[in-house]
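Pasting in a structure now, in structure tokens, and then I'll have a few things to ask.
The chains carry the letters A, B and C, assigned in the order they are written, with residues numbered from 1 in each.
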Amino acid sequence: MTDFASTTEKDRARLLPVLRRSLGNTSFTIGFTLVSIVVLAAILADFIAPHDPNFANPVIRYTPPLTDGYLLGTDELGRDILSRLIYGARMALVVAIFPTIIALCIGGLLGLIAGYAGSICDTVVMRYFDIMFAFPGILLALGISAAIGPGLNSMIIAMVVVTIPEFGRIIRGVVLGVREELFVEAAHVLGYSHTRILLRHVLPNVLGPALIYGTLQTGRNVILAASLSFLGLGTQPPTPDWGQMLSGGRTALATAGHVATIPGLAIVFLAVGFNLLGDGIRDLLDPRARRGGN
Amino acid sequence: MFAFIIRRLLQIIPVIIGVTIATFFLTWLIPGDPTNVLLGPGASEESRERLRDSLGLDQSLVTQYLIYMSNLLTGDLGQSISFSSPVSEVLFRLMGNTALLAGAAIFVASVAGIAAGTWAALRPGSFRDRGLTIVVLFLNSMPSFWLGLVLILIFGLHLRVLPVSGMPDPQSGLLTLLAHMALPTITLAAWSLAAIARMTRSAVLEVINNDYVRTARSRGVSEARIVLFHALPNAIPAVLTVIGIQMGFLFSGAVLTETVFSWPGVGLAMFQAISSRDIPLIQGGILMLALIFVLINLIVDVLYVYFNPKIRLN
Amino acid sequence: MTGKTQMTHPAQPVEPILSVDGLSVSYGSARQPLNVVKDVSFDVAPGQVLGIVGESGSGKSQTVLAVLQLLAEGGRISGGQVRFEGAELQSLSQRRMRKVRGQGIALISQDALSSLNPSMKIGRQMAEPLIAYDGLSASAARKRCTELLELVGIPAPAHRLESYPHELSGGMRQRVLIAMAISRNPRVLIADEPTTALDVTIQAQIINLIDDLRKELGMALVLITHDLGVVAGIADRISVMYAGRIVETATTDQIFAASRHPYTRALLSSIPKPDQPRGERLKPIPGLPVDPREDVRGCAFNPRCTHALASCTESLPAMIAAEDDGQHLFRCPVDPFRPAEAEGPRARLQGNGGMS
């Protein structure tokens, strides 16, 4: 539209109010902060972790928190819990974000096809979703994980399979709405290609919901992954993983309660972060859906 | 109404078939020779051959499914490795315990959730309303098994007021049973309570701004009566849907809770089956819990219509 | 239009039963308030009928809700007071206010379908306060409700008690709402657009029913409508509201014979008259109704007024008495009886009139 030089300035002018509005939203700000802390911990793990997360020293097992050198104490093998927590952030983020992205792509695509193509495609895809919805998520994930055999890969596959229908249904709904709107009909009349309609009209409308529900699902995935790990279906030892740390601490609940409770707090921390972030994004993108309103 | 139930029953048939297809495919997911897993490591080559034959593993997927299905219809869910008895027998023996726990949990979650949601909706934006929002956020962000462990830590190990594990034998009386159920019930109910409270809050808020509530107010009807007789009955259908969904989730959430509290139900059995790779039991358990889920949703749909006189009578 | 010409009004009517004085209603924050009702005053004496007329969004319904202390979330009375039988309603406790609602002042709202609880049988809704507060037994309440339904002209009333609202026709529902409003013998009946949702044929029946009940039960009636024609036959006095303010108030005869405010005159000329020559079009009011969110400086009607003076855009015209008796007040500096002056600077805007 305008010349090159002014574009960046314009962008900056547009970005600032967005930023200010975003930071004005309490949910968004708190959620963003919580998630950022975990992300930073994961990135900087090598620099900030006080100990090797896998170094076991049975002599000092079950050291209580606030001991000199072991801020959060040690676990059943005498490993530093704080260090394992920091390194565990990596796995926690991977198993929360990665399945969300894959499921969003596949589910989104199915939803797009179902919503846009309609008729038989829609029926087939929706029947498939209906069947998947007949299973409570954790149950199906448990079955798939158990059948393939425990491990990170099978867990991710299980989580993806479980969340595909969630995204598919949401995206389909959005596409149906957009399709009904006049401008797509008008675009058809003008003879635009399907690709162009999808890219120019449908996609931009799908992005918002995808971001909102993607973030919220990531929060749920934190818990789903922890649950599968807790049941012994997730990553296998000795990789530091919060869910697994928690189940490891179960046996010594009476003598060293911190081993099981601390990783749980980390899970809650991250899940609250993603949930607030998702709520915040929804508030910002769709002010009508704001809580407290009717 | 009757026709609606019939139509709804017919509608779930394809879903049930789909569910069986999905559970059938779990065997197919097992890497390598499934008989290794299905019979356990110590099985003889002869018995493997017999199983291969009876499952039709050398035949097409369709034939395999038909065999699976015909077995299902005769109540044959396979043989559990860890329990050394038929899966159906194990499941039916343990189902009652799981249902007891799930029933108690949905009762607690519904009563507390509806009360909390209504209570918050009466003063939107107030301190208590924000308080509920925060509690709901935390309950939703909390792994139930972790909550269970914390409850065990506080009430069982620290205060020593409640038993933390297992189920007492029937002779020890109702009180002992309730004491054993207390912590697992709260743990299992927590997540659902949050969902029900949130839904009740928004449903009541939506209803309380309706014209007919104003009509009642303009006739001098008290706020308490308005909430009880005007807002809640009209908010109930929406809440009921959530309760139904949550009830289905409770049966599966029992896997985690029963594991934490060693409650002898289907969930605990499934957890034990994971470590012993007892796939038939997992498969059977999933099928059973999924069917319960579908059935509960059917009941909820019927109740939803029942509570909506407008739909019921048309 | 019968029966109303012989009614004469003394300069000072009997003690009003409901008295609204300088009432203002605001929504939103105190810093950026949205004023929907501004400085509204009116009195209603026992047995009297007051018509309040204005377009939708003129603040009529908000005035009613403020009188009953039933403003929606976020709304508040930001000025003035409401007195019922001498008691200032704002200072009443919740409990005492509840006694006023229904027993003192009753409301008939406009959309009968949404104003009835969809999941409660008619009989139960009607009987609720009778049993809960008036000490009637279930059977006594049932008997009373049957009588009430009969009174409002519903056939087979006992049978109707068992119906749900959506099973009744629109006119029937409105009658039920009327029966509910009079069920606790109120002394003031407020009917807020009681006929908007109804067919024209039924509209007149409902209005007549309300007026008959008023006479029979000796209630005062406040009839809110956008249609001057509706109140013409039954109101003793009429107050015309525009953008949250009363712009003219007078006896019904004065309004129809000698209205002074341009808005009232515009409303009058948009009523179809039986003697209107065929082919002559009704005159729509030029421009759009005012948006309550924008605060027009001066007289709110000035953007649509064909007589507006320069001063109308600057300051709010004061209430002027048309005659010495103080019965006829209006808020306009232009005297439409002298058309020569009406050719103000805005006269050329008249061309906008064709837009509706």
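Heads up, the rule we're going with is that contacts are C-beta pairs under 8 Å (C-beta built on N, C-alpha and C of every residue); 3 or more make two chains touch, one makes a residue touch a chain.
Computed from a predicted model, the values in this text were never measured in an experiment.
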Pairwise touch network: line, ring, star, complete, or other: line
Most distant chain from chain B by Cα centroid: C
Between chain C and chain B, distance of the C-alpha-averaged centres to the nearest whole Å: 54
Distance between chain centroids, defined by C-alpha means - chain A, chain B (Å): 24
Per-residue overlap in chain B, given as positions that touch at least 2 other chains: 124, 209
Residues on chain C engaged by chain B in the complex (per definition of touch): 65, 68, 70, 72-73, 94, 98-103, 106-107, 109, 111, 114-120, 125, 128-129, 132-133, 164, 166-167, 177, 180-181, 183-184
Touch list for chain B against partner chain A, complex: 14-16, 18-19, 21-23, 26-27, 29-31, 124-125, 129, 133, 137-138, 140-146, 149-150, 152-153, 157, 202, 205-206, 209, 248-249, 251-253, 255-256, 259-260, 270-271, 273-275, 277, 279, 282-283, 286, 289-290, 293-294
Complex contact set, residues of chain B against chain C: 124, 209-212, 214-223, 225, 229-230, 233-234, 307-310, 313
Parts of chain A lying in touch with chain B, wherever the complex brings them together: 127-128, 130-132, 134-140, 142-144, 146-150, 219, 222-223, 226-227, 230-233, 243, 246, 249-250, 253-254, 257, 260-261, 264, 267-268, 271-272, 275-276, 291-292, 294
